[in-house]
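Take a look at these structures.
The same chain A turns up in both complexes below, where it pairs with chain B and then with chain C.
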Partner chain A sequence: MRRYFGRKLLIYGLTFFAAVTINWMIPRFMPGDPVQSMLSRANVAQPAAVEAMRAHYTAMFGFDLPLWQQYLNFWGSLLKGDLGISIWLFPTPVSDVIIRAVPYTLGLLIPSILLSWFAGNRFGAFAARRKWLDNSVLPVGYVLTATPYMWLAILLAWALGIVAGVFPVAGAYGFDLQPSLSWDFLGSLAQHWFLPFASLFLVAFGGWAIGMRNMIIYELEADYVNYLRALGAPMRLVRRYAFRNAILPQVTGLALQLGVLVAGALVTEIVFSYPGLGHLILQAIQNQDFFLLQGTFLFIVIGVLIANFVIDIAYVLVDPRTRTGMGGAA
Partner chain B sequence: MALNVTDLRVYYRTLRGEVKALDGVTFSVADGEIMGLAGESGSGKSTLAKSLIRLDGRMRHVGGTVELDGKTMPLADDTGMDRFRFREVSLIPQYSMSALNPTRKIGKMVGELLDSRGERLERAELERRLELVGLSKDVLDRYPIELSGGMKQRVVMVISTLLNPSLLIADEVTSALDVSSQKAVATTLLGFRDRGLVTSMMVVTHDISLVYQIADTIMVMYAGRLAEKAPAEVLVTAPRHPYTKQLISALPEVGVRYEDRRLTGIPGNPPSLLKPPGGCRFRDRCPLAFDQCAEQPPFAEVAPGHFVACWKAE
Partner chain C sequence: MSEVLPQPQPQPPTARREALHFALRNRKLVVGTVIVAVFLVAGLAGPLLFDHGPNDYVGPPMAPPSGEFWFGTTTFGQDVFAQFVYGLRSTFLVGVLGGVLAAIVGMVVGFVAGYRGGWVDELLNMLTNIVLVLPALVVLLIINAYLGVRSIGVQALFIGLTSWPWAARAIRAQTFSLRSRDFVDLARLSGVRTPKIILREIAPNMSSYLFLTFILLFGSAILIAASLDFIGLGPTEGVSLGLMLNNAARWSALQLGLWWWFIPPGAGITAIVGALYVMNVGLDEVFNPKLREM
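Right, the complex of A and B next:
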């Protein structure tokens, strides 16, 4: 057990290191110069002042140092919890910007991932081997899962937001409101939340339902099912066993899909101008905000790694075979 | 009479038509009888074994009746058969190694299975039965993956016989085992009958020499029909059907050196069961075939307990 988790942690550590390094590299290889864009925003006419400002900003962000030193400094301040200062929202620290955005992203991601997973698995298992339902679920599921997140998001925004006018299509709450704990605000929050949530939920739901349907059909053909049926065990028991065994690959699938779902959420946020991390990434790229981009990516990497680790633990709990494979007790 | 099968016909549905895997089979198994069911692959022996407990999705019960202890079994009615399964007729499947749910502890699975059938799990009895096949009660707290293949097979044997069925069908149970385990399994099966845990037994195999050691009678099938049924000793030493004769003569004998005299097989192949030829189905491969063989020979009793389907069997 100890060795199993030790090995897992080592792998996660290496992944983290590689991911953070790539995160550091990406903004620096992007075309454009962040200091230049800050200067043009400042709109100063005197060349001497511009030069002074350029020297000041370049020194402040550490762009005058050689790359390898920038890289080491980056790790150094990262370990101290310092993500740098945002260029776009200068001089707000990146961590503050991210912390303001995170609740919106998590509020979208966690319910849509978990609900689509639970509902999709339940529904797929229920549909498997029920002819009429199966024949209708399968095509719908395939269409849903093949739909790009943003396309469905745009479709929903157009149909329910613009044509039907039931839901708002931009922002996290009404433009006339300030965040507070009033019913007005919470209601508006929920209204704005619904469409981005629905587009994420539907696409993922289709995928899970199809996967589960196939897994259940596979399990119902398994030898242990034939044996139970030959001994007259009722379908209720057989389906319970099949569900439990079919859920295992779906747990793995969840771990693999997390990254895709996060990416989907980012794009969806952009479609709905939802003020989460996806929105931040877009702004960071447009403003050449190296530090914000780095910080946001870092946050996503940490999130996906933690979620994967949780799933690893869950897998050990639900599948006895991984437990015996851990070496030690037989 | 424990089991009476009358003119049983079970076909497989395929895209190219119906495969007549079991085409009019009539026989009976007495109380306490262990019947070996032999035949080459495709002879219909596994189809017969499956038909008696659960038809799979492609099988269709076309005709004939099966009576167990005087009650007619509704073969085609999957839910109606549930009453008989496990209690009256039980199965040790060919796939014992994978017959247990991999994610349930064995004890828990047995409990849930019995529970779902409205039976109570008597732990002491279960442990006694495990002991009978040489397993400790610890296996109940294990997952199937923690047992060896032979142990899994013995666990399945215990589970299948837990409700003292009237008829136990053992389908190719020794096929995947090494010779010493084969012997142990055969002895265990014999023990089940001798202790009265099961009344009668049908042991499906393609290994006549193994079934000969435990069976009271042996029935030989060929191309979906019965060829011969006789007491084990008689069938092996004095077979009357030309197919059985050739089958027995193809077995190696202990003490005989085959350097000079090569073992002979049976030339030719069994006919396709999609459109089987009329008359005796062994006709094309039979050295004794003559005109009358174009007519199907009856499965007739030529001596007490000795049935043969051949015009030339005297």
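Right, the complex of A and C next:
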């Protein structure tokens, strides 16, 4: 088991290293000049002012140093928690901007991921090999999982928000409210939270239900199932065994899907102008705020790595084979 | 796909006829294929119907669907149907290019890692795991944000380079189980070189599996491209279904009630990707007799 976690941690360490390196490399080696595009955004006419700004931005990226030193400095300031200054919200440090947005993204992501995973697995397992349910669940599940997150979000916002007028479609709380611990505020928060949550939940739910249904069908063909049935075990019991076996790949699947789910949350936030990381990314792109964009990227990578590690621990808990050192899918 | 998998020892005709027999009787496969084909034809032939470009201002602004403009017009008087069929083209293009590239990288990594084993496997496995853990869309976001001019080709290139890992993993596992079979040993004993063994002995034995992998990569490339376009990092010129959604959201189509602007592009993506997934299940049933009887 120590070997299992050691390996995982090594991979996550290397991934973090790779992410930081990508983050450092892209502004330097991609075609296009970030300093130039920030200058043109500022739209200053005086040549002297432009020169001063160019010098300032070049020094900010550290483009005037030799490459190896730029790279070391990049790590140095990163380890000090310095991600630079946001240009969109000048002079707020990028890390402050991000930390303000993170709770909103987590508040959407964690419930939608966990609930869709539990509900989807339960439902998929229940539907498998039950003629009528199977035939209706399958197409619905495929349509849901093929739906682009932002489109479902747009449809919900339009149907329930604008046409029916039941839910608000922008922001995380009413524009007339200040964040506080009052019922008014919390109610408004929950109301604004519901639609983005629902669209994330639905798309992910379809995927899990289908995955589980297919796994159960494979499991029901296995020898142990035939054996149990030959012994006359009740179908309920057989299904329970099949479920326990089928859940393992779904745990691994959760780790594999994290990137997709995060991406879904980002575009959903954009649809609802929900003030989380997705909204930050949109603003960063529209304002050519490269520091903010890169900071958000690193934050998301770290978040995904932590989540992966949590799933690894969960895997050990559900699969006894990894605990006794008998291998299992590591 | 086909240039990577040269047709191996031809299968005995009975097996092929049997696969065809089940393929034509598999409702999922037939329905999925028909839907994909309809959209493909619309994307290929549709643009020929118009003598104006997809972004030209040809009609009255905000017109609902009518005989003249089938899907209505945007706030600027652009023909939504023209945008839709042109957008289908880019969607298929990005899906095929991105899917093929990801499939090639995934196959090379998977075959080599699975067949060679040892330190090559360790190394490639490490690489696969690293790319697997990195959230693809977020990496694509920062790459595309720094690109000054963006095109569909470059978009597909980066999608392909970031979405191969799970395919590589799956192919590696399959290769692992095939490499100790007798016919592979025989080929090795008779002095066939490694690349040839992989292409002639191993790949053909999992060709159905490879095809299924490609279909899934194709679908996911379409979805990733749509997200990128929606965030505003789509191709700088031209149209795509994701860009249409982006424009609709940016110019308040929701608030103005222009449902004909944002429903078709999303429905198109959903239909194509959903049909690909259903096709995938159908093919799986055709190739895998165990799943057939239902």
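In the analysis below, the second predicted complex is superposed on the first by the 273 of 330 C-alpha atoms of A that agree within 3 Å, B and C clash if a C-alpha of one lies under 4 Å from a C-alpha of the other, contacts with A are read in each partner's own complex, and residues count from 1 in each chain.
Operating definition for what follows: contacts are C-beta pairs under 8 Å (C-beta built on N, C-alpha and C of every residue); 3 or more make two chains touch, one makes a residue touch a chain.
These numbers come from a predicted model, not from an experiment.
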item	value
Three-chain arrangement built on chain A, chain B and chain C clash or fit	fit
Touching partner for A:R2 - first (chain B), second (chain C), both, neither	neither
Which of chain B and chain C A:R321 touches, first, second, both or neither	first
First, second, both or neither for A:Y241, with chain B first and chain C second	first
First (chain B), second (chain C), both or neither touched by A:Y227	first
First, second, both or neither for A:I285, with chain B first and chain C second	second
Chain C versus chain B, contacts on chain A by residue	C
Partner chain(s) touched by A:Y142 [first = chain B, second = chain C, both, neither]	second
First (chain B), second (chain C), both or neither touched by A:W151	second
Shortest CA-CA distance in Å separating chain B from chain C in the superposed model	9
Interfacial residue positions of chain C with respect to chain A in the complex	126, 129-130, 132-139, 141-143, 145-149, 166, 219, 223-224, 226-227, 230-233, 242, 245, 248-249, 254-255, 257, 259, 262-263, 265-267, 269-274, 276-278, 281, 290-291, 294
Touch list for chain A against partner chain B, complex	222-224, 226-234, 236-237, 241, 244-245, 248, 318-321, 324, 330
Footprint of chain A on chain B - complex, ascending	53-54, 56, 81-87, 90-91, 93, 95, 98-105, 112-113, 116-117, 143, 145-146, 156, 159-160
Residues of chain A touching chain C in the complex	11-12, 14-15, 18-19, 22-23, 26-27, 30-34, 37, 129, 134, 138-139, 142-143, 145-152, 154-155, 157-158, 161-163, 169, 214, 217, 221, 256, 258-260, 262-263, 266-267, 270-271, 281-282, 284-286, 290, 293-294, 297, 300-301, 304-305, 308
